[in-house]
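Look at the two complexes coming up: chain A is in both, with chain B in one and chain C in the other.
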Partner chain A sequence: MSPALRRLPFSGVLLVLVVLLVAIAVAGVGVGSVSIPPGRVLHLLAEATRAPWWGPDADPDLAILMAIRLPRVVVGLLVGAALAVAGAQMQGLFQNPMASPDVIATSTGAALGAVLAFVLGLSALHVAWIPAFACTGALVSLAIIYALTTRRGRTPVPMLLLAGVALNALLGAATSFLISLSFVRYEVAQEVLFWMMGGLDDRTWTHVLMAAPPIAVGLVAALVLARDLDLFTTGEEAAATLGLDVERAKLRVLAVAAILTGTAVAVCGVIGFVGLIVPHAVRLVVGPAHRRLIPAVALAGAAFVVAADLVARTVVAPTELRLGIVTGLCGAPFFLWLLAQYRREVGA
Partner chain B sequence: MGVRRRGRHVLLAVVLAAATAACSAPPPPAPPRDQAPAGQGFPKTLVDGAGHTIRLTAKPTRIVSQTLGADEILFAIAPPGRLVGLSALARDRKYSNVVAEATRHPAPSVESAEDMLRLKPDLIFVATYSRAETVQLLESTGAPVYRLANFDSIEGVMGSIRAVGDAIGEPEAAGRLVASMRSRLAAVVARRAGHPRPRVLSYSGGFSAGRDTSFDDILRYAGGVNEAAARGLAKFPKLSTEQVLAWDPDVLVSGVLPGERDAVRARLTTGPGLAQTTAARRGQIILIDEPRFLAVSQYMVDAVEQIADSLDAFERAR
Partner chain C sequence: MSLTAERAGVAVAGRDLLREATVTIAPGQFVALVGPNGSGKSTLLRLLAGLWPATSGRVTLDGVPLARLERRHLARAVALVPQDTHVAFAFTVREVVAMGRHAHLGRFERERARDREAIATAMARADVAGLAERDATALSGGERQRVLIARSLATEARHLLLDEPTASLDVAHALDVLALCRRLADDGHAVAVALHDLNLARRFATDAILLRGGTIMAAGPAARVLSPDAVSEVFGVAVAIARTAADTEGVYVFSRPQP
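After this line comes the complex of A and B, so read on.
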């Protein structure tokens, strides 16, 4: 990691991330099948308050900007922030650099819920069914894992990790079972498989409305809980002697991470690596303190997902790659590079 | 590997066609590329769509079909009593054009190698995309397995029909079916000649169809220009709605499942990005029942006729 970046004050890092995020978001709404320059974007945004951007009489550029690209970018920002923050929380709670939002099986639970909605034929009835089922799946899996691992009010972190592995396998098998059933109808199987690869295509303002409230609440809650996570880094016993109600704090962090992950998976499918690599990369710049890490990770995660989506829809234009493929292709090598950097720094 | 096989195929077909032409008068129509000419008498040796040689010792009387395309062809040209196994999709009204025939027919549906071998078949039709291990298993038991190929064009499907007819010893019936297809296609082509060729985009569930697809060929006969193929796309690419709006096709075509016609039409005419296309604004939407839209049999001609009729109607409305 560049020493210049590390020397930046925290406010400077946030400013860099905000500028980066705005630049990527502007590119996100401007670049696509029809290129819309930033000036024209601003003009169209002003026009959107007066002219219709829905229906057959709408200006095509206005329709593309307002009905297709803007909701897509906004959902990308929300999902990126949610996954990255949930990842930072999990890494903080488990004190494990390999932890990610998937570790407590919330994304697998969300995926199972969504696939169930597909197989029941609900996906064609209303856009809200998939997110509703996915959120329910995420919360149910959190409840299961908490019930399995909590005894006499205590929830040992290693037990959470192990139960997460087992529940991930169980829910994954159930999802595979449903997918195998869906192959009776090839178009359903196709939808399910594409959804499992994650993507922001055809996201609408309905998705924004569904995702924004829980993610906003989750992000604010994560900021509030950042101090608790910082205390966790001293160890559970030390945190308790410093006045932290350890078990209650664990439950809160798990619930917030589950809400963030479940909502993200609900509106755009399974997107890997965001919750794993973004917190790592940002931690190298701002350090391990969660009060700094959480806001920086939210900005960086949002920028990463919108940038990955930009790559997904331009690299093989006029067709599109699935977003999960791009985050995996970019994320895995980046993660390996980070590991190499870390090894060099510690001399391992 | 596939290219080499196809090359061998073409060479074999050309050599055999030349030999046939030299020995008989008047010359018969050139055999399709996936079929090695053979006499009607049995035993006979054939080369299937994947270039594999199969030997049939007698006229097959226990025929099993593992693909819907073969079901549809067999119901048209084979005496029903000789079919002992049908594909799992034959009775599925979402995809099959022979639901009525298959429902009346006593043959069970087959899916696995076990299902097929249980019926003691003397000829099994599979597709070149059928699972290799299933086909290998079937062949290892000694059952003649015929792989059908060339699903991407009407001419290729006609070749498959002739090949099926030859394999089951019903070449005349296959010839009559192909002749009927040719005559109906010729009528469509004659009717559409001289008319403007609108830009047509297939858009079903976010996927389009470019060149090297049956849709491309169907549209060529129906008198339209395939927008996706014209833009250089092949096979079945996924397109965003904003890409569809950017291309702004004159006509949108989509396959529909039973009971979904209104929902699909609403999506294509009012969906964000699609509502602003010329196709949606003028109501130039063609919805084709999935069994016809996905057919790789003689029913492809039904899709040609439906699209041509719709293009005529759109032209009259303007």
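After this line comes the complex of A and C, so read on.
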């Protein structure tokens, strides 16, 4: 007999997450080679609306804050929210707690799309080509995985993981192929490697402008589709008999998850495990109902990525770790733990 | 109010799963769908639920073909309890039952008093009110079956279709679930249940449909359709009736006929 589920009040959880997010963001812009205390961060932010960011009279801290630290943190917030919500959507759609953008190769598909746009020279014509190609790559790989692994709304765990391994290998090889073609042009190869490794270094307001609109649209759409995802929990046929247009709902969820993943990868490359850990942890606290899960996951994902980036920048300062190393160190053991849980569940 | 299939067939990849099925499920009936494995019981239920389209003939709800009805409209009239009752995430029992209101609520609408009442009534009738805050993934098979029946009641659909609800239940829970189905039929629901256990079918059903190889062999009052001769013919087994003093109908005892 399991005890009754005890959950914390949802508004309280949201409040805690918002406070946490603000605190981490303030720390994120304050900590670095030049440290800016929290009070001064707020003061400088107010000043930035009035004074020019640089020039002979400008405060040097203001330039550091506005030109370097703040865009980096804002990109981190956007990417964290996007990857975590995409992970929550995938877990809901696949009915499988191990689905997430990196495990099932959606991120790799997005990276291939971004690299392709770059190698073809499209990114020089307009920056929007990169997210457009990345989103397309994400959608194609997501659709392949879904078609391969899911029957009547049920996705066996081994099937999902093996298909993810295979597609990750295939798309990774294709990306490596493009990279080896472009090694003759050093700067291209370097940029391409950035997408493979993932990170928030040198992100600017251009990246914020590139990522903010599609991610904002994606997050709102994910909220709109939240209740539909709940119905998948007892299988596709049951969802249909409860009044859901299953095929249409699936397409919408896949499209939104692809836009979120594709945009995130377009601005900061492949950052692993955010979409796996965050939905899991949040589900334990607010329960699986997606109308509560999605907003809480967005806040927690944003906080997680900015916090991980803060660790990456400071733990072995002045050297910076790649952000992907930090999320991987948190995420991979967690993934193994999930596998152990699964093994106990199926009694293998 | 009736759900009717008229000479309806289902073919998948050129293979007939169901041929020329003519069936009516009406209020007050508990119709047992009985037949060997692969005889088309689940196909008939999916056809009646509008999950699979009729590839020949037609299925109608109050005279309107299902294909012309919106999913949401159909969901308020016909509910299916699937055979697979696995719940993937730790929803509470009440949350699972509340999913039955999906077709009654707009995308951003919250539950109103009317919905809460329907959910509470459904949970009380299926005897799961005491489980409301429990984790639906941690229930026994019998409890989960009743939770999904409660969810189908929360839709307030008058037609309830159940696909082998007793398949994974012990005998006590099987009796409970079928007694519940019978009570729902007596209260004016139209209930159709795919069943493997012929003795349970004889005991609880008012009507029966006997299928073999995708064809309806007999349909009508349970006592007539499930006669020893018909059962013997369709399942290819010998049927003897064992009676005790207090039991006038007796139970069937099956054996393989000797070659």
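In the analysis below, the second predicted complex is superposed on the first by the 252 of 348 C-alpha atoms of A that agree within 3 Å, B and C clash if a C-alpha of one lies under 4 Å from a C-alpha of the other, contacts with A are read in each partner's own complex, and residues count from 1 in each chain.
Here is the rule we use: a residue touches a chain if its C-beta (ideal position, glycine included) is under 8 Å from a C-beta of that chain, and two chains touch if they have at least 3 such contacts.
Quick caveat: nothing in here was measured; it's all calculated off a predicted structure.
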{"item": "Chain B versus chain C as contact partner of A:233, first or second or both or neither", "value": "second"}
{"item": "First, second, both or neither for A:241, with chain B first and chain C second", "value": "second"}
{"item": "Partner chain(s) touched by A:280 [first = chain B, second = chain C, both, neither]", "value": "neither"}
{"item": "Contacts of A:96 with chain B and chain C, given as first, second, both or neither", "value": "second"}
{"item": "Touching partner for A:250 - first (chain B), second (chain C), both, neither", "value": "neither"}
{"item": "Which superposed partner A:207 touches (first chain B, second chain C, both, neither)", "value": "neither"}
{"item": "Chain B versus chain C as contact partner of A:292, first or second or both or neither", "value": "neither"}
{"item": "Which superposed partner A:224 touches (first chain B, second chain C, both, neither)", "value": "second"}
{"item": "First (chain B), second (chain C), both or neither touched by A:191", "value": "first"}
{"item": "Interface residues, chain A side, partner chain B - complex", "value": "32-34, 54-56, 58, 60, 63-64, 67-69, 124, 185, 187, 190-191, 194, 201-202, 204, 313, 317-320"}
{"item": "Chain A-touching residues of chain C, taken from the complex the two chains share", "value": "46, 49-51, 71-72, 74-76, 78-80, 82, 84-92, 95-96, 99-100, 102-103, 107, 133-135, 138, 148, 151-152, 155"}
{"item": "Residues of chain B that touch chain A when the two form their complex", "value": "94, 205-207, 231, 233, 237-243, 245-248, 257, 260, 263, 270, 272-273, 275-276, 280-281"}
{"item": "Of all residues in chain A, those that touch chain C in their complex", "value": "2, 4-5, 92, 95-97, 154, 224, 227, 230-235, 237-238, 240-245, 283, 287-289"}
